[in-house]
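These are the structures, in structure tokens.
Paired with chain B in one complex and with chain C in the other, chain A is shared by the two complexes that follow.
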Partner chain A sequence: MAQVGKVTIRVPPDIKRGDVVRIRSLVIHPMEIVQRQDGKPVDKNYLFIHQVIATYNGREILRSDTTQSISENPSFSLAFRPTEPGTFKITFLDTHGGKYEGSAEIKF
Partner chain B sequence: MQRGEDEAMAALREGERVSRRAVLSILGLLGMAAAAGMSVLGVPEAALGQGTLGALQPEEKVDETLQRLFGGRAMKDGSNVIKMNIPLIAENGALVPVAVEVQSPMSPTDYVKHIYIISDKNRRPMNTRFSLTPELGVASVGTNLRLGETTDVRAIVEMSDGTLLMAKREVKVTVGGCGG
Partner chain C sequence: MKPSRVLYAWLAPLLAGAIVLAWLGGEGTAQDPRSPAWQSRAIPESRGDIQEVDGKRVQIRYKAAPFSTVTQNFEQWPTYAYVDTKTYPPPGQVAMPAIEGDPKEGRKLFMNRAKAPCTACHLIQGDDVWPAGNIGPDLSTYGDRGLPDQFVFNLIYDARLFFPNTSMPPWGTAGIYKPEEIVHIVAFLKTQKGNPPFVPPSEKDPARNPFTRKLESYFGDNLDPTNNPAVVLAEGAMALWTQTGPAGKACADCHAGGPERAMQGVATKYPKYIARHGRIMSMEDFLPVHAQETTGVEMLAQSADNLHMTMLIKMQSNGMPVNVDVTSLEAKAAYERGKALFFKKVGERHHACADCHQNAPGKGADKFLGGRLLGDAEKGFTKHFPTWRTNFQVVWDIRRRMQFCMLPLGMNMLPADAPEYADLELYLTAFDQGKPMNVPGIRH
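Coming up: the complex of A and B.
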């Protein structure tokens, strides 16, 4: 089983200026769902990713506020048309203070 | 007074409503609670975290979710500009891929600001909310959803000028993906 917090990013090769790039990312994470006991939800601090932030050269380009109704080992994809070469970074934040990051370079 | 406090503490742990008088009498136990490694109100520290029931969206019907998020604002049919890719039948409700693409200039004055994914029959209907910026150049996002049962899945798009557009698709779910 891969380690919780491991981030994978896929950026296609051979990007030309003006292309729309499809970037896919995945993070290993349990995305705990609410347990029920006698028909009522159990109150505890569930462990799941609640925020995803994507930046390009330090500027936020996309954010996602996520919930437990996103799948385990969540995957996110976005389309992006970079106007300059640079660094794409994605950060996943979970409810226990976990912070998992990955980055990829885009060159023309 | 002692019995009232015990009952109120038990009620708090069960997440039920507690009378103001009972809460105030519990606060008198603060010193003991702190020593026991618990937080204010005698609730374990973990219970105040970001993943606790109080921090989640409420369990509610989708009409209540829509009212809470959009306050009764008009929602236009967006099916001519919103393309939703989602399977008609999902064998596994725990992993249902969805992709939403919106035709938009994505210019600083005219861009897609938010894309909400909402599954009507989920206990907490909002799956996620994407927040986009013009720098993306295009509006196209995707993720994997958990669906509890056969449901309409909506993509609600909020444009930079506040306009709301909606597209939806029914997804038949063979095995639900939300557990209990």
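Coming up: the complex of A and C.
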């Protein structure tokens, strides 16, 4: 696996003022899935991303809690309407205290 | 299971061939001049060894779908192996059994996915026929043609009797449909009539009919890691690049400047003839040999390490034109062998690559096999391999693609790194000559 915690952000090209922009982000993360023993889930602190926070020019535009993992290297996408050019920043927090950040410039 | 009972299907004919050659030549050379003896360096599931399990001979294959869906052993049918001397039984006149054909039973057999299904290539009436293909003639109004029963029977039993170059499998000769079953299918085809004659009923859904179905296929930007997981896997191979192997060396120790510099443009020349091994080798074939000799890492063909490293190396040539050698003496010979394989009829269903992937009358390129659009070999197959398969969520290189191309059509797969596949790959890559590489691809 590539370096854990590496965040890749894709911004669509040619954004015009007033457009709804769909941004895709990918974080390299093992995203541990629930193990089962004798048909019952094992109770432990699973390593997965449990919070995603997106900000634009410092202003929080999304805060999302995720309850469990589905696959490794998760991809999150969100759409919003930027009113001015600026910096999009996304932060992933995992259950073991890991914090992974990535940012991208949005230009008109 | 005792090891002595393990038979290596690919080895057995090889040894037999070697014995015959040794006997003919009297010099004890254990090599067929057309195919250098090659010890497979692939993971066990991809070698296609034959094992005896509960008194039945079975071929060891990949455990994952779709390989797991084909369990039959097709040992008795011809394969691409150069040492293979098996021939397909010739067509013969078969008398139609004197029983009453049941059109309903015939329709069921026509649609039977476990046997054919005929609808993969032929369109018939009925909204439940979905998705139908159009490689073969449209049979929606076949009954209007008024053909004699015995003729239609023989056509299904073994079409080679009338059309020597047909793409249709000889269903009777192959033993897939019994003569009684073909009688039912003949009875069913007589019911396919238009009103007025030769005018099929109008379609409710244009997507049902392969002649009017749209040819769309787009899976987004294949080099975007948020879209194509194979890019992430390829980047992950960077760890292998810098990892010191058992021999005390890493790739990075000899190939200076990282893959970006060291491997730039390297992959455009593959598959290429490597004199030391006397055969054509793709990147996937070369890595197990080269890594073993230098770093000591076992990078077996079809292992995750091999596929990911192949992608990492090939990515460094993205955008650069494919530039394989097909003019040197050895490469030209291999190209010709690959071309012969492309047109060679193999397997239980007596198919050649060309039947589906050549753009010619009666052939399948740019037509639908069931719901799947078949590619045209001349437009290029190889420049985006290894590629992410969205439906299986794994990376396939061209070899695994080839292995699964023919397996459902009744040919036991060869080892992934077989020289036969390498020659075939060279023939296919030659169609991509000059086109920009684009690895890893993404396909359904």
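Here is the rule we use: the second predicted complex is superposed on the first by the 106 of 108 C-alpha atoms of A that agree within 3 Å, B and C clash if a C-alpha of one lies under 4 Å from a C-alpha of the other, contacts with A are read in each partner's own complex, and residues count from 1 in each chain.
In this text, contacts are C-beta pairs under 8 Å (C-beta built on N, C-alpha and C of every residue); 3 or more make two chains touch, one makes a residue touch a chain.
Because the structure is a prediction, the values reported are computed rather than measured.
When chain B and chain C are set side by side, the one touching more residues of chain A is B.
Once the two complexes are overlaid on the shared chain, A:F48 sits against chain B while remaining clear of chain C. In the superposition on chain A, A:E32 makes contact with chain B only, not with chain C.
In the overlay built on the shared chain, the residue A:R10 is in contact with chain C alone; chain B does not reach it.
Applying the stated contact rule after C-alpha superposition, one finds that A:S75 touches each of chain B and chain C. In the superposition on chain A, chain A positions 75, 77 are in contact with chain B in one complex as well as with chain C in the other.
The touching residues of chain C, when paired with chain A in their complex, are 224-227, 229, 232, 235-236, 238-239. Put simply, chain A touches chain B in their complex at residues 20, 22, 32-36, 40-41, 43-48, 50, 56, 59-72, 74-83, 94-96. Chain B makes touch with chain A in their complex at residues 13, 15, 46-57, 59, 94-96, 99, 101, 119, 122-124, 126-133, 135-147, 177-180.
Contact residues on chain A toward chain C in their complex (touch as defined above): 1-2, 8-10, 24-26, 28, 73, 75, 77.
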